[in-house]
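Some structures to go through are shown next.
There are two complexes below, and they share chain A, which is joined by chain B in the first and by chain C in the second.
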Partner chain A sequence: MADDKDVLRDVWFGRIPTCFTLNQDEVTEREAEPYYLLLPRVSYLTLVTDKVKKHFLKVMKAEDVGEIWFEYEGTPLKWHYPIGVLFDLHAFNTVLPWSITVHFKNFPDQDLLHCSSNSVVEAHFMSSIKEADALKHKSQVINDMQKKDHKQLWMGLQNDKFDQFWAMNRKLMEYSTEEEGFRYIPFRIYQTMSDRPFIQKQFRPVSPEGKVHTLGILLKEMYPAAIPNEGEQKRYQAVIHGIEPLLETPLQWLSEHLSHPDNFLHICIIPVPTD
Partner chain B sequence: MTGKHAEMSFGMLEETFYHCCQLLVQQSQQLRDSWSWVPLQGSQEGYLKKTQVRSVVIKLSPVWDQAASSSDPGSHGSGHSQFYPQKKSAHVAPCDADSVSSEMNDDDDDDDDGICTVSEDSIQVLQYEYHILYSCSYRNPVLYFRVFTLEGRSLSLEDVWRSVHPNFRLQLQNSPLNTISQQEHPLLGQPFFMLHPCRTEEFMRPVVQAAHEQHRPVNYVLTWLSVVGPLLGLDVPLKYHTQLQSAAGPSSTEPD
Partner chain C sequence: MAAVTVSPRSSERSGRVLAAGGDTWKRHIVRQLKHRDRNQHAMFQDLINFYTQLLDKASLTKGILSSSTRQPCSDSNSISALLQQKNQLNKTTGELAYQVVELQQQIKIKECVLEEQHARLQVVRQRASSAFDAHHGLRELVEQVQKENGALKMEYDALLERQREAESRLREEKFKEVHLLEDMIHQKRQAAARMNSRNERKTKAREANLQRELQSAAMSEITIDSVSAPNSRSTSPEKENQDVMTEQRHTRLFRSASATSVGILTSLRGLFEKKRRGHSVCSPDEDRIYPVGICMSARVPARALQVLEAHEESINTVRFSSSSDMVATGGTDKVIKLWDIQAGLLTHRATLDGSTEGITCVEFDPVGSRVLAASYDRSALLWRLDDSVPKLTLTGHTRKVTAARFSGLLHQVVTGSADGTIRVWDLHRAACVQVVEVSSYCSDLVCAENCIISGHYDSKIRVWDSRAVSCVQELPSQGKVTSLDLSCDHRQLLSCCRDNCLQLVDLRRWSERVCFRAEGFTCGSDSTKAVISPDGCFVVAGSADGAVYIWNVSTGDLETRLPDKHSSSISAVSWSLSGKYVVSVDKSRRAVLWSDF
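Moving on to the complex of A and B:
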């Protein structure tokens, strides 16, 4: 069990070295130096980039500054996905540091949610946790918590306090001994090949016959192309937190250990690089 | 088997949702309402869609004190309506330069007429686009929507709240972000507003139970819509329900 606790820590403290550059079309008073930062995989872009914003605002006039947004190689980055998901989905097989372009004008209304303050991130985060618990426990655990407990989850994430977060999140990961796991596994499967942003359905950790559902079984059901047929070459990688877990890994274990703080297991399907 | 029973009383099944939507569209055609079903290619999934143009009373003063809950002092645009930006240009940062200047002109015109300065509210004609999707997490329907001005500019969350009828607004503004929030449309990947579904189960359960006991037919989606729709000016004509009553029979929709 001690090993499993280490997994939670490793996931929490995962970092991505990132280089932020100001978009060339922004009006500046002098040249803007790039800004380097280690981004926490489990957090959100708009939550951890105050310093980036401050850095670039120094060279800009207030009237040229609109709502901040981020872009990677022409793709606006959705701040409401965890940072690690954005990286795995768009930049997994590229060299580090991850190079993100910062914009202060022409906010892409059609692609991105607005994020005027941290309270918007908080609302989004809590709504994901609630949704996950609706799947796991019919909302019973999250509804039994008090407002201050909800706040503890959020503050844990916002202030990067692993112990504070997990002291409460532990309860969201419990299930009765009569059950073999959660009611349904909260998961989302992302891919960039179609307009549909992700796949999310009901999926149980164990089949009605008592067979343990694995990552491979989930993918076969939800995204068959991700699993190569026998003798075929692998076309896709299924990535969680920057690694490819074995397809034999039980989903229940993955859900308890590799979920993001929002309590969802985010799985990115990315094409195998051709070289 | 008790577990199975408990399972069935929680929300509605996906299949039932599609069936309810089908019935609703049929009725909509008869009643010359404009609901339609938009299928997602290659699956049975999809969503109900309706668009309508409404004239709405917009409250011009701030609808809630976002600054109090905001921990980001550099946040932009809170507290001021896009319709009538404040005179200080520094406060209208989210708009691009062109739209700011044209709006400022409009604003000035209004001042000349003496309307804006007298009235606290204004009337706007807006285009609403409503989508009804099935949430497999909550096992319930969810209302997504977006709102445009007639020039095609999309409304901010703040402005959406300004357009909500005061009766609802006053009740809900204690937790505005938990009631209506901007979310990604799960099938289209675009920003929409969403009426949060986490309380749906609570208010639907007694309705469904009562209907069961009285052996009345009930279209779950329709009943749900008649509860949440009015919040966003989406009225469900009574005829939908009377029609459902008169058509009661073996074909009626049973909630699961």
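Moving on to the complex of A and C:
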């Protein structure tokens, strides 16, 4: 089980090297230096970019500063997706570091949600946790928690405290011994080439016949194109936390160990690069 | 890039092969995660750190440069510019060093000030703490005092409660006392009323008897007329003698009686003698009610039998004994003189001395064996007739004693004084047994059964119940009361006032009064004594002009005026109980004996 704990730590401390550059259109007093940062995969963009914002504000006039937003190769980055999901979805097979453009004006209202403060992020994060627990335990666990326990989950994420977070999150990951797993697995499947933001359905960790469901079974059910037919060239990669787990990996274990702090298993389906 | 894409594929294959192993997928994931971190995290970590540090340093440098040297320096004179810059920097350094020194000095000064302030603060704190202690102490004191106050208050409340209880008890007791007294007085009154009615019945019976005898005597007169001379001759010489003697006596006694009716006289005399015998065996109580029933009729004096210089100074008082054969006079010369009346003349019998001041009042006891006198020396004195030294001296009054009387009880005397008190004395114990505060000058008093009547200078006559010692009646008078006298039957009270008027009051019906005035009659002093005749038919008083005035009670008119014997204001008169003599005394040492022949 020591391995499982290591997995959790690795997932938590996953980092993406990122280079922030200011958009060319922004009016500056002098040339803005790019800013490099290791972004935590499990966190959210607006939560960890205070330094970036500060860096670029040095060279800007106060009256030109609007709400900050980020863009990668023309795609506005949704702050309400975990950073790791954004990277895996948009820039998985590109050269590191991940180059993000910073904007202070022309906020794309149709693509992005406004994020005025960290409390908005907190509200989104907590609602995700509650939704996940509704799927896993009919909300029983999260409702039994006190307000301060909820706060502990959020503070653990905000301050990057692994132990603090998992002391509480452990309860959300438990299930009774009579059952073979959660009621339903909270998962979201993202794909780049679709208008649908993500796929989310009710899916049990074990089949009615008692057979353990694996990642492969889930993908076959939800996104059959992701599984290559016999003899065919593989066309899609299913990426979680920057890695491709084996298809026979049990879904219950994945949900317990490779879920993001919001308790969802975020799976990105990206096309295999054609070289 | 290749490693990232290739390795999943290879591991995928190996996963399939080793599926039977059970946790191949897990090992695969662990391996992949390590690989991912190596590529994405470890490789860039140091690089990004260094970059960030450099960025910070660069911005710092930029800031310094922009602040110190604004002007751009050209390449040509870069050295001179640098030198200049160095000089400038040196200068700046010097200035800064100077500033540092200055600032250090300032710091020192400030430190000094700070220390001073610390010291002051210390002092102030100490004072504050001492003041706090004092405050604490005072507060404790206040609490203590409050506690004490509370205790005192409680004590006081308890005392107040007790006082209230005691007062209520006192009220109850007083109430009871009043009730008891009232009951007692009521019972005494009833007893007195019963006694009165009994006496009246007796008197009526006696009168009826008398009338019957008179009638029988009248019937027998005819027979006497025919056989009187021989009858009287035939009686024994003693009897005749007696008859003659009685005749002689009674012609004197009863002026109005007919001299011819010897039989009536005899029967009357018998009656009289019987009465005297009855008297002698009477109990003291009855004696009180009828002290002397001797005189049936008083005779108004017409001429002076004797005029004599009785004392060496003015005479204040005179009194006959109850047996009418002795007179006592008292004067300012501090002595009492006793005189026998023999054959119409006063002969000096004895002198009683012992008083240190003048005598104001004198009285014989009913038996005639003792003399009581009141004196200016604030005492009352009692002599036996056969001893010139006083038997008793009753002291206790604070001013002169104006009146001293035997009360109804033989062993008690009552005195009135100028100090406004009336005292009752027990002669057995020679002690004062009761004191009555009147708060007005008492000029005279008389004693009836169970009551004392006193006259005062505040123009009031007060009647006291001698048992309860409470004032039962107050009679107004026209002026200062100078004397009081009680008739023999104790029914009428005579008072003499300074308004030259004598007033006679019926003691049973207080409203009935008779006033006696006369032209030329003036009350000579504050102690002028007036008296009622023993039969109650006349009143007599001496005037300031030296004349004796006698009024008739039944008519209220002046009966007679006896002038010319006194040369100064008459101070006192006395009428003998036999009704035969009157003695008057004046301020100029003279005493006059009056009679009707």
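In the analysis below, the second predicted complex is superposed on the first by the 275 of 275 C-alpha atoms of A that agree within 3 Å, B and C clash if a C-alpha of one lies under 4 Å from a C-alpha of the other, contacts with A are read in each partner's own complex, and residues count from 1 in each chain.
We adopt the following convention: a residue touches a chain if its C-beta (ideal position, glycine included) is under 8 Å from a C-beta of that chain, and two chains touch if they have at least 3 such contacts.
Note that the structure is a prediction, hence the values are computed from the model and not measured.
Asks: So, on chain A, is it clash or fit between chain B and chain C?
Replies: Aligned through their shared chain, the two binders fit side by side on chain A.
Asks: Output check: A:78 vs chain B and chain C. Expected answer is one of first, second, both, neither. What do you get?
Replies: In the superposition, A:78 contacts chain B only.
Asks: After superposing on chain A, what angle in degrees do the C-alpha centres of chain B and chain C form at the C-alpha centre of chain A, to the nearest 10?
Replies: 60
Asks: So, A:170: does it touch chain B (first), chain C (second), both, or neither?
Replies: After superposing on A, A:170 lies clear of both chain B and chain C.
Asks: Quick one: is A:5 in contact with chain B, with chain C, with both, or with neither? Answer first, second, both or neither.
Replies: neither
Asks: Check whether A:201 is in contact with chain B, with chain C, with both or with neither, and answer first, second, both or neither.
Replies: first
Asks: Pick one for A:253: touches chain B only (first), chain C only (second), both, or neither.
Replies: second
Asks: Considering only the touch criterion stated at the top, classify A:110 as touching first (chain B), second (chain C), both, or neither.
Replies: first
Asks: With both complexes overlaid on chain A, what's the closest CA-to-CA approach of chain B to chain C, in Å?
Replies: So the smallest C-alpha gap separating chain B from chain C comes to 22 Å.
Asks: Starting from the residues of chain A touching chain B, keep only those that also touch chain C in the other complex, and list them.
Replies: Common interface on chain A, chain B vs chain C: nothing in common.
Asks: For chain B, which residues count as touching chain A in their complex?
Replies: Contacts found on chain B: 10, 40, 66, 69-72, 74-78, 89-90, 93-96, 135-138, 154, 156-157, 177-178, 181-184, 186-191, 196, 198.
Asks: Chain B touches which residues of chain A in the complex?
Replies: 50, 53, 62-63, 65-67, 78, 80, 105-107, 109-114, 116-120, 122-124, 126-127, 130-132, 134-135, 138-139, 186, 195-198, 200-202
Asks: Under the touch definition given earlier, write down the residues of chain A that touch chain C in their complex.
Replies: Per the stated touch rule, the residues are 3-4, 6-7, 10-11, 13-17, 33, 35-38, 55, 58, 93, 95-97, 234, 237, 241-250, 253, 258, 272-273.
Asks: Considering only the defined contacts, which chain C positions touch chain A in the complex?
Replies: Listed in rising order, the residues are 1, 4-5, 8-9, 11-12, 15-16, 19, 24-30, 32-37, 39-41, 43-45, 47-48, 51-52, 55, 58-59.
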